[in-house]
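Per-chain numbering from 1; labels A, B, C, D, E and F assigned in written order.
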Amino acid sequence: MVTEYTVERVKSGIQGFDDLIEGGFPKGTTVLVTGPTGSGKTTFGVQFVYKGAELYDEPGVIVTLEERSRDLRREMLAFGWDIGKYEREGKIAIIDGVSAVVGLPSEEQYVLEGNLNAEDFLRYVYRVVKAINAKRLVIDSIPSIAFRLKKEEEIRSVLLQFNTILLEMGVTSILTTEAPDPSRGKISRYGIEEYIARGVILLDFVEKEVELKRYLLIRKMRETKHSMKKYPFEINENGIVVYPSGELY
Amino acid sequence: MVTEYTVERVKSGIQGFDDLIEGGFPKGTTVLVTGPTGSGKTTFGVQFVYKGAELYDEPGVIVTLEERSRDLRREMLAFGWDIGKYEREGKIAIIDGVSAVVGLPSEEQYVLEGNLNAEDFLRYVYRVVKAINAKRLVIDSIPSIAFRLKKEEEIRSVLLQFNTILLEMGVTSILTTEAPDPSRGKISRYGIEEYIARGVILLDFVEKEVELKRYLLIRKMRETKHSMKKYPFEINENGIVVYPSGELY
Amino acid sequence: MVTEYTVERVKSGIQGFDDLIEGGFPKGTTVLVTGPTGSGKTTFGVQFVYKGAELYDEPGVIVTLEERSRDLRREMLAFGWDIGKYEREGKIAIIDGVSAVVGLPSEEQYVLEGNLNAEDFLRYVYRVVKAINAKRLVIDSIPSIAFRLKKEEEIRSVLLQFNTILLEMGVTSILTTEAPDPSRGKISRYGIEEYIARGVILLDFVEKEVELKRYLLIRKMRETKHSMKKYPFEINENGIVVYPSGELY
Amino acid sequence: MVTEYTVERVKSGIQGFDDLIEGGFPKGTTVLVTGPTGSGKTTFGVQFVYKGAELYDEPGVIVTLEERSRDLRREMLAFGWDIGKYEREGKIAIIDGVSAVVGLPSEEQYVLEGNLNAEDFLRYVYRVVKAINAKRLVIDSIPSIAFRLKKEEEIRSVLLQFNTILLEMGVTSILTTEAPDPSRGKISRYGIEEYIARGVILLDFVEKEVELKRYLLIRKMRETKHSMKKYPFEINENGIVVYPSGELY
Amino acid sequence: MVTEYTVERVKSGIQGFDDLIEGGFPKGTTVLVTGPTGSGKTTFGVQFVYKGAELYDEPGVIVTLEERSRDLRREMLAFGWDIGKYEREGKIAIIDGVSAVVGLPSEEQYVLEGNLNAEDFLRYVYRVVKAINAKRLVIDSIPSIAFRLKKEEEIRSVLLQFNTILLEMGVTSILTTEAPDPSRGKISRYGIEEYIARGVILLDFVEKEVELKRYLLIRKMRETKHSMKKYPFEINENGIVVYPSGELY
Amino acid sequence: MVTEYTVERVKSGIQGFDDLIEGGFPKGTTVLVTGPTGSGKTTFGVQFVYKGAELYDEPGVIVTLEERSRDLRREMLAFGWDIGKYEREGKIAIIDGVSAVVGLPSEEQYVLEGNLNAEDFLRYVYRVVKAINAKRLVIDSIPSIAFRLKKEEEIRSVLLQFNTILLEMGVTSILTTEAPDPSRGKISRYGIEEYIARGVILLDFVEKEVELKRYLLIRKMRETKHSMKKYPFEINENGIVVYPSGELY
């Protein structure tokens, strides 16, 4: 007799998106969000954590290595997202990976040391996740971690350790990376990111006449039936909105 | 006088596929299943082992380096495949190559050590194959082995040893790897995987309008007459189904 | 209650451009201007600083590593921009990164030492910014910094330090770099410049018949709604003029 | 007075092929057969040796580095070729380059040592050629030799020595290699194989609709007038058959 | 009040060309002439110096690293240019960078030493420029300098020093280099040449039917308004002639 | 007054070709013949030397590194060229660069040592040229020299020395090399061969339907007016024949 089978789903908080993946990410899954510069990866990741706190009462951690915490907070206000409010309620924690790099003082609660050491980094993230009992995690971005390592190639072993720790923590996570040339099969900067992720979402552009149009493509999502269509999406005053029935061309 | 000649065939368990290769894989053959992220390689390999146990009473071993055993088990339930049942009957063994990498405890029966050493790895797989008298084997995936080696380039010599041991064991095996750019002739990540395999199957996509369509192409299959056509396939609630008479475009 | 949210905007001084980015750059932002040789990056950067002094009474610093200060001054006269005048008023400072490289005497007030050392370079720029209380900064260009380092690869760590110092200084900055192959996703020479910038503007060409047409594309601009269209622009007697409603083809 | 000139021709045994090259390979020539995975290189080479023994009473040696001797024998039975029969008659010798690599026992008469050393390898092949007075030789494949060397780059000097020894032996030889991207001029894996061969034959595919069609192209054949056309060919129950008047598209 | 602004122009001596750049090169500018083999770079550079002496009474120096002085002299006679005459009058000096490389005797007045040392090379050119009070300089070519350095990569620092010395000397200079793939953005062999030049001119070909057509494109010219059109040009009995109103296709 | 100017021409001996280059190669010129495998480079070079001896009574030297002297002699008989006859008359000398590489005995008069040393190689060629008072020289091929050097990169300095010695000897020479991807600007294997040659001739193919058509393109020829057209050519029973008025497509 086959065991009764249901996959617990985690709502993404991305409007129009959950319909494409049977209602949400499989709980505990690590999802890679990849794409070129300006494709909306940061917004996607933060929206996932913010909406988790706002709509589903799930605490979440944001590890920001491209923007300072305060810049990120301010930027997200444009979507009407008041991260600070949930931080004060202990529902969101931002780990600032930018400010302290060369020894600037930071008033943030969670700050990464300047000298990024793989073990310390992982341990720190682990601790903050546990501290607020986070169910959601976004790390923005993998290349920004790699740049801060002594040798960029060490990112390989960092990612492998990462994989195990993420599985251990049980959080549903989004990692962002860069897709250098999606049309030629290069969907991650280091060629390994997709191996530690159970889902891969590509945010990219197609040029139509002289305009770049945004689209989203689900390249992989384990335990989930999903189409392989390129869906148009927008970044508007509510954040990312996917149009499952929209026309890309 | 020419010796009477018949090739013993091993049913793949992939619906619609065996018709394309004279009824099944030549017994004892190593087959490379290659393709980009999300193309269905893991499902193809697990289906081969699962259906072997379920339909043909042939024990099989799954070496999983991308997913933990328990994730794989749960994921496969979506196709109605209860791997655990056959594990308990001693017909399937999963070797977990993920959990123990950084020293997490594992309740699995078969677990790879954290420090992947080529000789130990091969010996361990060999032992499990012998323990359950396996006729089928899938290793998912070659890049995931390579990432765990001290130097990624050592995968070359690991694969050469692999080749010999697989021949020695007499199992019919599927190895999965990554095809970085099939249209430009790069059908394997390390450029050597296809040299140790007697069959090469490509799972890939073509874009039709704004949708990626799955197809399967048999690039090589020794002792077997096969067409060189791109066949459409689906991953549905029964796993992989190939449509030999379907239209790709 | 959501905090009242307004982004303070810094007028670019580029005619026709501010309309595309909600009125100007977000204050304190670092913007990467990238493109091939001859695409107008230097003019874009200098115009930003010059117009800041001329129209908005904001002091600015120009770090020039491709042209000597005096060449730059003379060149900009073609647009009717008398940089010297604002230098005398203490509203613009040019840091000459070319003249002294092999020990030539320079009559400039601000001159970089021949042996470019990352820390000294950053400290020097910092000091000049503070000396004139600059609100705007342009550094032309990142590859020219890299060429002057002992090892070109050190540009990676220089840029990471840069990032922090720019954030610290609070100036709105433009950095220029080279886009080797924008159509294939390579929008910066070292593949890291875009990670330290909150905005990325591409200046590039399309060939129409036998003529190259200039266009501008905003690839990223945090805290800003912007279109992803390729806008035609010209370099005429007034500097750069963008045509938001122009036809590229 | 010009010396009377006739080139002695060696029948290839490939149906339909000799007509394209003035009746056969120039005697003593080394011919490179190149192409992607699954293009039929092994079959081409073995057919050359097998038909030599069967039809022209010329002994031949097969050096197999991709398949074990016994697999090769069995596989060729599919074409009705009983290699074992000619081995027993001393007309064909197979040198097994796979079995002994990691120390497995082999019942084969001719077995390469596990540690492939360039000098020993060449000497061994030389000895077997002399032992059966071989007129034909196939080595399948050059990359498989290279993988077994300590450093893959040593294949360069191995090939140069090879060249001299082949010339010395006077056999007509086929070497197989891989053509990574024939349409872009890369017709051999190491970029040197074509320099030691007096003939180069490309076996490749063109895609027609969703099917790959096989074709053969003679890129070089010294002392021979040949067309530069892409000829369709098949691998059917008789081995390789070339269609000089067939239509490829 | 804006300073009165006029750019002093140096006539190029290239027929039809000065109209494209407001009457000539800005005085003291370094111009890079780039293009593939056989595109006319040497002729362009020599014509610039020769016409300077012939028509504008400006002394000039030719540094030739691809051709011996005497070959260059003879070759230019085909255009009716008698360089020797102006050498005797002290208006042109050729520095021979080929003859002495392996210690051949040379009857030339200006000869580079065999062992090319960056400092000595620059000092030597400097001295000859001063000796004849040159206003024009052509160096043909940068790759030929690089090949003669101990390590080709040292060309980077040589070019940076070059830049400063050229600025110091006040001559208007042409440097030639190779454009490996202009259509993909690679307009210089070492990726740095364009950074030390205030102007970049591309000489290239387009294929029209089975013929290569020459064209000239001004990619960059500081202090100068220029079109970005591809202009057809010829090399006829008068040297290079550009057709500003010609049709390329 | 302009010196009277005439370029002494050396007949190529290639039928139909001299009309394209004002009657022949400029005397003393080094010409690079480049193209892919099987494009006819060897035939072009040998024809140049053979016809020199046969028709113009000019002695010539052939340095053969891809074929043994005796193979080359036999091969050329197919065109009715009896090289041996002119060798006996002291009008042609073949230097065998293949036979002795691994110490095989050679009955040839001129044999290169196995261990190819740059200085010795150049000195040897020089000596043979002087011995028969050669006016023509072909070296087939540059990559074959490079493969025989300890480090392939040393070919750079060998070619630079070569250049000087060829100029010194005063012979008209043809060097052959490989053009990896002519359509993308790569017309020589090492990217330096074209710098030491005063002429560059490309022999290549275009595909027309399923057939490769041969064409010849003169990319560079100093002191010579030549068209930039792709001319069809054939290799028939008389060697290479160029069709200046033929249709390529």
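Observations on the structure shown:
We take it that contacts are C-beta pairs under 8 Å (C-beta built on N, C-alpha and C of every residue); 3 or more make two chains touch, one makes a residue touch a chain.
Only a predicted model underlies this, so the values are computations on that prediction, with no experimental measurement involved.
Counted as hops between touching chains, the shortest connection from subunit D to subunit E is 2. Following the contact convention of this document, no chain is adjacent to both subunit B and subunit E.
Relative orientation of subunit C and subunit E, expressed as the C-alpha superposition rotation angle, is 60° to the nearest 5. Two copies of one chain, subunit E and subunit F, form a contact in which under half of the residue numbers belong to both partners.
Taking the mean of C-alpha positions as each chain's centre, the chain lying farthest from the centre of subunit E is B.
Between subunit B and subunit C the centroid-to-centroid distance comes to 52 Å (mean Cα coordinates, whole Å). If you average the CA atoms of subunit A and of subunit C, the two centres end up 30 Å from each other. In subunit E, no position touches at least two other chains. Contacts between chains close into a ring here, every chain touching precisely two others. Round the ring, the chains follow in the order E, F, D, B, A, C when counting starts at subunit E and proceeds to subunit F. Contacts from subunit E toward subunit F in the complex involve residues 36-38, 66-68, 71, 74-75, 77-78, 80-82, 84-85, 98-99, 101-102, 104, 141, 143-144, 147-148, 152, 179-181, 205, 209-214, 235-236.
Across the interface of their complex, subunit B is touched by residues 1-3, 5, 7, 156, 160-161, 163-165, 167-168, 184-187, 192, 194-195, 198, 200, 215, 217-223, 225, 227-230, 248-249 of subunit A.
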